[in-house]
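Naming follows writing order (A, B and C), and every chain is counted from residue 1.
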Amino acid sequence: MSHRIAAGTASRGAALTTVALTTLLLGSAEVAAQHFPNQTPAGPPFFALQGARIVTGSGAEIENGTVVIGNGLIEAVGENVSIPGDARVFDVSGMTVYPGLFDALSEVGLAGGDDGGPGGGGGGGGGLAALLAAQQGVTPSDGPEDRPATNSWVSAADMLDPEAGDIERWRDAGFTTAFLIPGDGIVTGQGAVVNFGGSAREMVVKAPAALRITMSGAGFRSYPGSLMGVISYVRQLYLDAAHADQYAARYEASPRGRNRPVYDRALGPVQDAIRGGWPTLFPADEVREIRRAIRLGNDTGARVVLTGGHEAYGLADEIAASGAPVLVSLAWPRRNNNADPEAEETLASLERRAYAPTTPARLEEAGATWAFYSDDSGGPSAVMENVRKAMEHGLSQDAALRALTVSPARIYGVEAQLGTVEEGKIANLVVADGDIFAEETTVTMVFVDGKPFETGEARGERPEAPPEVDISGSWVLSLNNDSQEASAELEVDEDGHVSGIIVGERGEQQITGGWVSGTEFEISARATVGPGRVVEAVYSGVIEDGEMTGSVQMGQFTMDFTGTRPGGGR
Amino acid sequence: MNQTSNAPRRAVRSGGFRRQQIGSGATAFLLGSVAAACAGLLAPAASEAQEAGAYAVVGATIHTVAEGVIENGTIVMRDGRIIAVGQDVEVPPGAEVVNGEGKHVYPGMIDAFSSLGLTEIGAVPATNDQSELGNWNPHLNAHTAIHPASEHIPVARANGITHTLSAPGGGGTGIAGQATLIHLDGWSVEEMEITESAAMVVSWPSLGGRGRGRFGGGGGGGNFREAQRRFDEQVGEMEDWFEAALHYRDALASGSTRVTRDLQLESLARVLDGGMKLIVRANGHREITSAVEFAEKWELDIAIAGATGAREIADMLAEKNIPVILGPVQRTPSGRDAAYDDPNTLPGVLRGAGVDIAFATFNSSDSRTLPYEAANSVSWGLPRDAAMEAVTLGAARILGVQDRLGSLEVGKVGNVIVTDGDPLEITTRIEHVFIRGMPSDMDNKHDRLWEKYRNRPDSRPVVTTTT
Amino acid sequence: MKRLVLGAIGAVLVGGAAGAAAPAQAQETPVLITGATILTAAEPFKIENGAVLFEDGRIRAAGPADEVDAPANATVIDGQGMFVTPGIVDAHSHIASDATNEGSVSVSSMVSIKDVIDPTDISIYREAAGGTTTSHVMHGSANPIGGQNAVIKHRWGSDAAGMLMDAPPTIKFALGENPKRSNSNTIPGVPQRYPATRMGVMDVIRQAFTDAAEYRARWEAYEELVARGDRSAIPPRRDLRLDPLVGVLNGEILVHAHSYRADEILQLMRVAEEFGFRIHVFQHVLEGYRVADEMREHGASASTFSDWWAYKVEAYEAIPHNAAIMTRRGILVSINSDSSEEGRHLNQEAAKTMKWGGLTEEEALATVTINPAVQLGIDDRVGSLEAGKDADVVLWENYPLSSFAKVRTTWVDGEVVFDVDADMAMRAERETEKQRLREMLGEAEADEAESDETGAARLRGGRGPGNRSEERAGI
């Protein structure tokens, strides 16, 4: 499809291209003052998509329509729309145009994974990650007054890394937008709605957009150590925020004779959240977690957004009645294929696996507000596969599309700007050669903020050579001179994409991506290294004579490893 | 009845005689003559016969375990042995007599696997001697650490437990060491010993894997292949040890003078030669099956201890004549979908299939609860007589001492308890305990404290300071 | 009768996992157990050839069989040769909760077990199979002042809220080796937690109540200002840690103190007296037999183990006669489990008090029924078979204070939560259901295809997650 777009707009040039775009959009004097000639061509930001079937998401589909884009916004949509003379026209007849997909919860594009500190998937640049890690792991807290795990002052919008490789991967699949929020701590920080394109500043659509609360305690190390401690901690946090507000108001009215309020950077954003009714994400996968989160919301005044929802299928009416939106994880519970074949799966586990994919249809029926998020599903293609699974269990195509477009936009309060193909909205669009949820469909082109991006299909950045070695199946990994062991179960699809799981000494690592080409391979995985702390691990190396050799990079640490097939003699 | 003083009769029995036997036995063994070693250990010490007097329980219901129940019966013990059991039995002149009217007489109970004498206070490492460092300790023997003055021993004894296999254990997979069969009344371990090396205790590898549950399977996380690999590796290690022991033994037998003595292999070689039973701690049916195959390959005499997952292989165990030491029955079923009464029904199922069973507490301070382990199987299919047998004659059989212990028969050692009812019933009181034909002291730490504090004078009024 | 019972319990179990579950069902049919020996745990204690009638979740009558008439629609159970007792009340349990200790701090009164009830814990069912119908789910013993506890009924199949009993609030204290961390390893990089001595334990408690008293005073001062119309008054900061301690000071929250040694038992009573409150129940209290008089004078009761000892230094002087000595000295005593295993046969643990120290049958049964009910402040509802109380009833196949005892059926609020026949039927039903789910997931084994038809039929019948609660009520 690359012939449709001038090579110069390929996204690898995005960082430079966007310097020019920024000037156009924002008229930033600062940027303008530092003029440097473009290193990739940037044509005028005026485009038109002609002859497409348009799924607007806001009403009837348009069979043969046109979308006009200018300065990052949708200028017109319809059957008989005139195309301005300055627009570059793409003939997309036979194609379908959709609103850009919106991942309702993600950490893709947050800095810290590759070159950051051990804070990894949410640390935010070496400095911040190190700071958070230091505070959480080492400094024990004595009680609710210490708040090392309340990172409410941390903002995803300040942690963006437009160069993060994953952005491209998701955008290629049609994801133009995501809600990003760090993952460290009990209150992990302020999230942002972000477009997958442009510079860090251009990416932000709305910040802050929400708070996120995890329920992970620190054990006997530090308060709160347990789930019930976390619940009490959150209650006290909200009480303290409200009290601080009240105290500050009285104090400002008459400071004399009163002690000044104590500075606490953690409380301000919580106060703002209470006042502003920010959505607040709580983990809520199992029935009792869902009920706990709703109750905690009632008790604290937090506007609860339930996250996970795999057991929401049985509680759809209750959830709808509560008014709490649900972010449904697209990482459906999976069978452990490495389990003891004789250890019979429990009824509870079977029920979860059988019924979790019915959750979307049940929520839809009950009239609940809900959206999809990618979670640890393993990447964009797995996400789509899992959406199809929900559709097999009764979810309509319309509803599925809403859950990936306008519904998350509504939950985060950006439905005026995003989520549908309508005049005046941000021009986030997907062009596909068929039904976007169909397995065989390919996304051919994506617009983010009115800017065209070529998809990976045409780019082919991974080594092109086909795999020469078989990486699929079981491996025993020996790390760092045999000081640690891990095992891996790998699967490879036809084009050499690797998926599967790695089980290390400290738990499971979900593989998020990877490839094999020739004898080389690279596998990225998410490793949990502490309560609520996730680090990206990148295994790379070669396979020769059926053995792996390579190195793994986890945050700032690098270890050598070798991999052998299990059972090769005792 | 008089509680005869322990001191004089005990004093006579110690001395070098038995130690010599053991010493010479070990030498004999090295020369390949195992039978000689065992003979010395099995025969009751000759000196005993002179000190133990005659005792009789008259007019009681006698539960012989081996030969039914005798109503209004009399049992006579003399010189440490049972010399008469029956209805028309003459009490020898001078015998001390217990009036058995309304009472019941049973053999003393045997806790087939415990840590009695090896531990005192669970949380205090200084008092714990059952679990040595390292995984391969065939040369260690419980009797070298049994503390005869442990307060746990009189506590267990007062509830009718007269014998136990005191066993090393804990730690990881491997060979824990040799267990000693003792009776629970003696001034020194030498007086208590029945069989110094009654069994070699092995903890079989588990497919549950290291860090239990992580590779355990089920619907959750875990990698079974990894667990299987580790399992095979560990069984292989076990194999290596027995191979080395075989080599060692054959090398010695060849008359070579270059072989240096190896205490570990020497001990294992005794197992190889049938001089010691192998008690394998294993729970899952695959682990048990693996152990049974191992034992067949090496022609070892084994028993399985634990065996919580033995249900599926009951027939195999019966067919191959592998006995099982069960316990605890009072445990929670493993796995969410397991039947609530899984632990309770297992003994009946095994016994029903024809497996020899015994019960054990695998504990020390709780050893007195042994009879309730058996009782908790009775309403779930284990016949009441079979339950009683399992804690007496059945256990004796598994431990290879059925010729002397476990039932009330003429010629057997006088291990007898006198009760006011079924000893498997909680509320039953154990009134007398005879060990080796002599009455045991029923006093124990708990009764002493009870006596002391139930008689505490009413406390003086306390002046409370309320501010 | 069997069929009725079976249907109810089967539905509960098959759905037991994710348990979208609503509150407990209301009893639909009156039940009369007749011809059994009734041990009421009240007066009269034993009724040979007796009958118990319960309806709408309440006991209507317990008395001689010929004096209790059943309504026409009642399910009648012939209890000949069997025994009936009240449901067992476990005064110390840690089942059914997603957390036990908030061990990071010395005073964790801000946390509550009520927040973390796990209604799917299989122990709830398994203990019901041993006759336990009510449990005091307690915070752990990691701190001198621990968290708030919860009282649950074993309404298997209901949600967390449905299990919680409306009982007086209680809080956990702990003395001795656990709060001073004698037997736990230090965590690298984390400073050792204060306290490390029994002196320190008492100090933590005194300091906490000193703070609580001051906190209470600050609130009283503020409320007085407001009452006087001072609109600029700023309320003190709400402190979730001190709120419950004020509750203790005010006598509104009952203290259950984990304790072992006689001296620490005595000292805690003195500290409580200093601040004007009472230790309601000493838990474990293994050396209670040494200071029984002092406990009685203070007004404390005791909840202990039957025969555990020697697992740590402070348990080395424990004796199984503890319950008997304390009872004889005028203390209300219960026997508790502190274990999901022991919680399955508390009847047997109670029987041990007859053996060790000679409690009577009445006294022994009371240690696991009415006495713990009194200790939890719920004796108006549970703990004995008396008209008007909750229909928490256990039918035993044989004498319950025995190592041979076996439960036949357990009811909570008049609903069957365990039945020995239904349990057997449920096992088969669970296998069928598993097979159906495997088919749904496309993972069924080829050789089990014969059940295909049933599975498909049920799918057609609309058996899906949506109507699970109807199932629970219906089948």
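Going forward, a contact is a pair of C-beta atoms (placed from the backbone, for glycine too) under 8 Å apart; a residue touches a chain by one contact, two chains touch by 3 or more.
Everything quoted here is computed from the prediction, not taken from an experiment.
A count of contacting C-beta pairs for B-C and for A-B identifies B-C as the more extensively joined pair. A summary of chain positions shows that the Cα centroid lying nearest the centre of all protein Cα atoms is that of chain C. One simple way to say how far apart two chains are is to compare their mean CA positions; for chain A and chain C this gives 43 Å. Spacing of chain B relative to chain C, judged by their CA centroids, is 36 angstrom. Chain A and chain B have Cα centroids lying 60 Å from one another. Looking at chain B, residues 336-337 sit in touch with two or more other chains.
Residue positions 335, 344-350, 353 of chain A are each in touch with at least two other chains. Across the assembly, chain C contributes 430 as residues in contact with two or more other chains. Looking at the complex, you find that chain A touches chain B at residues 335-336, 338-350, 353, 474, 476, 487, 489, 503, 507-508, 566-567, 570. Within the complex formed with chain C, the residues of chain B that make contact are 120-124, 151-152, 330-333, 336-337, 339-341, 364-366, 368-369, 371-372, 375-376, 378-380, 424-429, 445-446, 449-450, 453-454, 456, 458-459, 461-462, 464-467.
Across the complex, chain A is touched by residues 207, 214-229, 232-233, 236, 286, 335-337 of chain B. On the chain C side of its complex with chain B, the touching residues are 122-123, 125-126, 129, 177, 182-183, 270, 273-274, 276, 289-291, 293-294, 297, 307-313, 315-317, 319-321, 324-325, 328, 340-342, 344-345, 348, 351-352, 354-357, 397-398, 401-406, 418, 423, 427, 430.
Across the complex, chain C meets chain A through its residues 14, 16-21, 98-105, 108, 110-113, 115-120, 142, 147, 159-161, 187, 189-191, 232, 234-235, 237-241, 430, 433-434, 437-438, 440-441, 443, 464-466, 468-469.
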